[in-house]
């Protein structure tokens, strides 16, 4: 099930703590949206985009407008997840991202040798984030600084 | 935008507290999944289905397998939301629910008369919940007690 | 362990949902601070004090400055807690509250008669809330509207 | 305000994400207990103590029995906190920890030179964690494996 990730996929590690689990013994379903948000924030930070700084400078912010999630396997306490973010569509006022939470696996033989390394897909989703005027919460066009940092095909047009 | 809700739509009120909001001044996007879960739990309870009791009796529990969400308008601190749950598909091992979060609105005239009462749709989604063996987390058929309580067309077949 | 509560103790019911529990099968320890905050907010609302309205009108808000908590017994999924709030000290810039989370209990005899009704104390704490200028986060004197609504001995002096 | 930390103080970095903040623009007060729990878990992990492994092996787990918190300054979105944990008392069935959340600061001169590096204390507390039998939630003596890993003065006596 291991799939090599391409250079355009941003990855961010996230540890599962007690706060993330529920009485079912697994990660509460809403919390994958927290993990995905952390990965999006770190992806933006990796491009030089701090959200508080952006808001102070432009008066705008990203909000999520659509989410689709599939839950494949549960995560548990102490799991160290790899959470991804990858832009799959660029628009003038919104972006579509594909995001996944993976659990790296390492299986050994009886004599202690590692005989396979892989990852299980736990949860995957698509998330649309739109740019809004933070005061009125109205959709707005992405600022040039954001488009440029993202390196979108639209940057030159803005 | 007001739509009268039919008898088969379960409604549950939820107040927005500080814990639900984020620094954008609005409800954090993952928290609608908490609100939807509360409404599903109360809907099950209204049918006589306590989840802890069910688990003790059957060894099984519901888990969410798919979610689709659209965010239309933000909720804010102190808002009293109306959250709904309605089954739209029954299967032998899962159910599909439509869920919505509404903000009731009340608009007055300048002399204090109420001249319209309505509700804004804030967030809507579909949620698929499947029944699993709680120990192995494997899909399983819904127990007869659940099917009977739900009054599904499948109950007589189980 | 049942203690009749006096008129000056505000009570607010809170149901334990999946979101509140952790993999230990009990309510996650930080979440009692959510429950206590909900009770404080509803206590303020019962006095006519909406926090968003207050902030818009005065530019100030309450923040918590000190917390002491003792955990006596765990709460579990589906428990319906009674959460209390009672002011025990009034100052010009802060208030001290005592707060508790109780689980009502009902014990029956073998023939179905209820032979005792009581409540177990799950968690208790003291919480100091101070008034701050929301922009600079600096301590400030409680506005007269707040003092009056609270009916404090200090109201006439403000 | 900078205080050099001694070798016996465990430190763990924690980033503030949207999920941690509230509509006041600052970290919600309950969330410091999440940050403190993460630091305790990582401190235990650094000693070779995995909590799920411990529970499987011994049937026991840590629960928090007492908390005292002081909030000094607010944390905000994007802050990278340093969270500490240090044992200050060892007992046969519980441990007392001192924990702090610090915000590193870096102040520059007008010509871009860094002229001070320090840290602000945001929140500090003491947390008592007790060992319980996970099934009955009754206090129990700390297992020898835990005492040995902690290197307590009591280890030789257990």
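Should a chain be cited, it is by its letter among A, B, C and D, assigned in written order, with residues numbered from 1 in that chain.
Keep this in mind: a residue touches a chain if its C-beta (ideal position, glycine included) is under 8 Å from a C-beta of that chain, and two chains touch if they have at least 3 such contacts.
What you see is a predicted model; the values in this text were computed from it and never measured.
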Chains touching both subunit C and subunit D: A, B
Chain at maximum distance from subunit B, centres defined as averaged CA atoms: D
Whole-Å gap between the CA centroids of subunit B and subunit C: 27
Computed distance of Cα centres, subunit B from subunit A, in Å: 25
Centre-of-Cα separation between subunit C and subunit A, whole angstrom: 36
Subunit C residues counted as touching two or more neighbouring chains: 18-19, 23-26, 30, 34, 37, 76-77
Subunit D residues touching subunit C - in the complex, by the definition given at the top: 24-26, 29-31, 33-34, 37, 52, 61, 63-71, 73-74, 134, 137
Touching residues (chain side subunit C, partner subunit A) in the complex: 18-19, 21-26, 28, 30, 76-77
Parts of subunit C lying in touch with subunit B, wherever the complex brings them together: 15, 17-19, 34, 37-38, 41, 45, 50-52, 76-78
